[in-house]
Amino acid sequence: MAINWFKYSAPTTFYPLAGKLIPWFAASSAILFAAGLYLGFVVAPSDATQGEFYRIIYIHVPSSILSMFLYLVMAGYAALGLIFNTRLSSMMASAVAPTGALFAFIALWTGALWGKPMWGAWWVWDARLTSELILLFLYLGFIALHASIDDPRRADRAAALLAIVGSVNVPIIYFSVKWWNTLHQGSTIKFTGTSMQVTMQQSMFTMLAACWLYAIAIILMRVRSIILERERNTKWITELAEVKK
Amino acid sequence: MSLDIWMRENPLTYVWVGSYAVALLVFAIEVAMVVHKRKITLQQVRLLIEAEESA
Amino acid sequence: MLEVSNLACSRGDHRLFSGLNLELHPGQIMQILGANGSGKTSLLRTLCGFIQPDEGKIAWEGSDVRDLGEDYFAEMMYLGHLNAIKDELSALENLRISAGLSGLPLNEADAIAALRRMGLKGRERLPVKVLSQGQQRRVALARLLVIKARLWILDEPLTALDVNAVALIEGVLAEHLAGQGMVIFTTHQPLNVAGVRSLSLS
Amino acid sequence: MKNLFGLLLLIVRRDLLLAMRRRADVLTTLIFFVMVVSLFPLGVGPETDMLRKMAPGVLWVAALLASMLSLGRLFSADYLDGTLEQMLLAPQSLSVLVLGKMASHWMVSGLPLVLMTPVLGLQFDMSVQAIGVLMLGLLLGTPILSMIGAIGAALTLGLRGGGVLLSLLVLPLCIPVLIFGTGAVQAVTSGLSISSHLSLLGALLVLAVAFTPWVTAQALRISME
Amino acid sequence: MKNLFGLLLLIVRRDLLLAMRRRADVLTTLIFFVMVVSLFPLGVGPETDMLRKMAPGVLWVAALLASMLSLGRLFSADYLDGTLEQMLLAPQSLSVLVLGKMASHWMVSGLPLVLMTPVLGLQFDMSVQAIGVLMLGLLLGTPILSMIGAIGAALTLGLRGGGVLLSLLVLPLCIPVLIFGTGAVQAVTSGLSISSHLSLLGALLVLAVAFTPWVTAQALRISME
Amino acid sequence: MLEVSNLACSRGDHRLFSGLNLELHPGQIMQILGANGSGKTSLLRTLCGFIQPDEGKIAWEGSDVRDLGEDYFAEMMYLGHLNAIKDELSALENLRISAGLSGLPLNEADAIAALRRMGLKGRERLPVKVLSQGQQRRVALARLLVIKARLWILDEPLTALDVNAVALIEGVLAEHLAGQGMVIFTTHQPLNVAGVRSLSLS
């Protein structure tokens, strides 16, 4: 097993493997998106208290979840790269970051759009919203640091350190913000996720899976470009079919 | 305000255009950027190889 | 003894050198030759551990310098393009602080003596920023006199020095070698020290 | 042990000496703090009630920004003139050396802010009690800011636009400190207990002392490559 | 005349090219702005009413700080690498050259802030009308900040801790801009006329364009001695 | 023609030189000699107008340079310790911008030709910060080839240059002199150009 794992952690084998996998992930993601949208907009009934607005949930919740989860994935890869000096892990970390940031952005955006009809304001300084915003800043910090260092090895290592420090801090931020908020304001108006209907749940999970697969596909695509760029001096790159063409 | 009224009258359009269209647009832009990046990178790699062969 | 085997180093897309071997025994001095941009500075910085080599090994007294860490640093001294002196502090303060950093506190009299020997008499207590280029370099070089490291790694030590100062440095190098020290250096200027071996980066 | 302590002392002494030579620096951090705090009433309007409520937040944010600004110089001067190279090559513990630099940074840029706070608090019509808690919070919090900031300063070393990039990296990480610090003041003005906020700040401080010097040392090694 | 314009263009092009090379810089100024603005609610608390009242002040102060921070780099990079010496020796009008640097500084660090304002205004629950006036004010005001700031940047050139010293010199001079800018927003929310505030800002802008390049050029000559 | 009469200059409490006279006619080249800290850099910076002299007059074609202002700058070029190049820009961009600043826009082909002549072939489009010390100095010196100034003021132009580059600069200087140019320079390294007069700051 271990041998296998190391084999696929080498860019040489990973690059073609990723190339083969991408279409599958992309296609299943597209199908699930279509299914999820159908379930969410046609099959699922409208909500008693929120009318049609609640349907934002099918994009909002998956993107919120992914934005948080991808941060951990990114930090994990970065840590691997820093500790074991595996090139591919660092490349994966820098491929994950933009997608994570975009999901954070979508979560913020759709949340804001939801907030307007529900709370009458685009934004309130609620704990969850605020920590999501901070998460976006952490992503942007990672990307900006990586972008402003020219030497890719140094950039990987510096950004990895930042991601690790950040991931230690994320729970602290989350609890501090939550606490800060609840101290003042009894309760912000919140959507009580009371016993969700089955079809609603199904469409939510379908959309979540779709977003997941999309994230995997796009990250693999991005990492392939990064591999090409970083390894352009090596022999195996010059022998690739798409390069020779 | 007019946006408020419009929103209450057309909730589905609001949800669609506001969230889903934007999200899909974001995905589309991301895909386009990644594809473009791949094209550029391939080009650069080829240029580099040619330069090395001629040198 | 410093032993470098099969060292390779690249910057950007550019392979600077590879398969480089060198040995430096006590009492030996080696000059790295090469045109501008041939990788002399990169080699010296690799020897200090600032740059990770692509391949190869650097050993000090038989052990890899990366494992030795601070034990290697205690026996080695690097002087680069930058002078590592603080503009606002005087030459005297600068010298005492850098000695302290190397773990060898220095009293004022010794520091002044070293600075005088470097031809900075009467300038010991001026803030370094008012000194001329050459005088600033002399302040940096005064560390050679007070820090007891066996291996000296010097990157263009003669920059901005006038003829007197060059002669002085030649004397200091000869003394260090006589005391079983080791020196590895680069320069584009002529330097008269006996027994210089050279290594050329083509 | 004694040796490490000697090194710490050497670095602190050196950095304080340098700060004395550029005395303007110390003053300007302080004055920046005072000025940012005083700009707010100008921008927001003179209603005492609102100002009193804003005060802890404004003072904390200003302290955060002021320490951010001075962080840019924490390592960059040493980097530019080559001293940092020599520090990395020193046969001594880099973490201790870094801790020394953090300590002197705090003495020069954090401590004066804490001492200045009472005057500014009075300007915003804060109660004496609230000012006391605010100062206590700043006393515990500003060292954490210096220490977290040091990581950012080390990571952005030698990068153009370092100052702003630094803020971008460090400000989000400092948010808990801000929240606990202002939380304590708000607790005391609404008659609640402050001990939980302050003990959390204390815990953060202990964590920071334990880990940030080592992380910063690693960051410095990465940046010098 | 045409020659002067060519020089202006050359400098603007050069500085924008440099900014593109360090693209992170442009973004980070913007993000710094967003972050400082977002810190305030964290310090002050989430009450919408109070936040709405504070909003114009907070945004203006943040814009001021962001442009102050980025000013540190206006001349200092050119100074450190010797380019500024060469500029002073160029057989061309130094004032025009300085004007070019001011213009590109604004495009890189002022304009993005103005464009970002609506989003932040919404976060603070400001009305659309108030946001409009705020943007207009910033559009007139941020170039003035860049220009006044340039004088300070020139005077503090090469001094250690220049960044903070700079803020110290420049912030007081920028207070009128801050007052007119926030005044306009307060006027519109209380239904008064905004034209007097904005026309005062406009007048300041004209004055700044007329005089600050020359003053900055003199300051540069003094600093290089 | 550059004419300096009775010039005096001091830094801090320290009188560097006084009663200094010199004349430089078209086709002439002059080296300022002196030990480290004797005031060579200060003299050259005074000639550029960065430093106000304590006494004395500096005249260009008979008029005081302070009255001439930009007319003097148009005929003069200074190259100091600092390279005046931007790390992030490529050698090519740097050269074209500094030519533009001097009011002489330069097309890409000419700029590349100048850089190649300075031995930077293949490095024209790399960001300057990745170049070695000597290569960076070469980029700065490329300005000598493209800016048409009659008076060159060069402060240690040979710093960090290897032997090939030194020979190249010698050729460029000789060419400039043959075209009725004027040069005033300092260096601590040997430089072979015919007809160098020298002025020593004791």
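Order of writing sets the chain letters: A, B, C, D, E and F. Residues in each chain are counted from 1.
In the analysis below, a contact is a pair of C-beta atoms (placed from the backbone, for glycine too) under 8 Å apart; a residue touches a chain by one contact, two chains touch by 3 or more.
These figures come from a predicted structure and were not determined experimentally.
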Interchain contact steps from chain B to chain D (minimum; 1 if touching): 2
Touching both chain A and chain B (chains): none
Assembly fragments, chain A aside and the remaining chains unmoved: B | C, D, E, F
Interface residue identity across copies chain C, chain F - same or different by half: same
Dominant interface by contact count, named by its two chains: D-E
Chain whose mean Cα position lies farthest from chain C: B
Longest centre-to-centre distance from chain D, chain (CA-based): F
Whole-Å separation of chain centres (CA-atom averages), chain A against chain D: 32
Intercentroid distance (Cα basis), chain F paired with chain B, Å: 52
Chain centre separation in whole Å, for chain D relative to chain C (CA means): 36
Computed distance of Cα centres, chain F from chain C, in Å: 30
Touching two or more other chains - residues of chain C: 13, 52, 81, 87-88
Residues of chain D engaged with two or more neighbouring chains: 22, 77, 159-161, 165, 168, 171-172, 175, 179, 182, 186, 225
Shared interface positions of chain B, touching two or more other chains: 48
Contacting residues of chain A [partner chain B, same complex]: 37, 41, 51-53, 55-56, 59-60, 63, 98-99, 102, 105-106, 109-110, 113-114, 116-117, 214, 218, 221-222, 224-225, 228-229, 232-233, 237-238, 242-243
Footprint of chain A on chain D - complex, ascending: 151, 155-156, 159-161, 165, 168-169, 171-173, 175-176, 179-180, 182-183, 186-187, 200, 204, 215, 218-219, 222-223, 225
Residue ranges of chain B in contact with chain A within the complex: 7-8, 11-12, 14-15, 18-20, 22-23, 26-27, 30-31, 34-35, 37-38, 41-42, 44-46, 48-49
Contact set on chain D toward chain E in their complex: 22, 24-25, 28-29, 31-32, 35-36, 39-40, 42-45, 50, 53-54, 56-58, 60-61, 64-65, 69-70, 72-73, 77, 159-161, 163-165, 167-168, 171-172, 175, 178-179, 182, 186
Chain D contact footprint on chain C (complex, rising order): 48-52, 70-71, 73-74, 76-78, 80-89, 93, 97-98, 100-103, 127
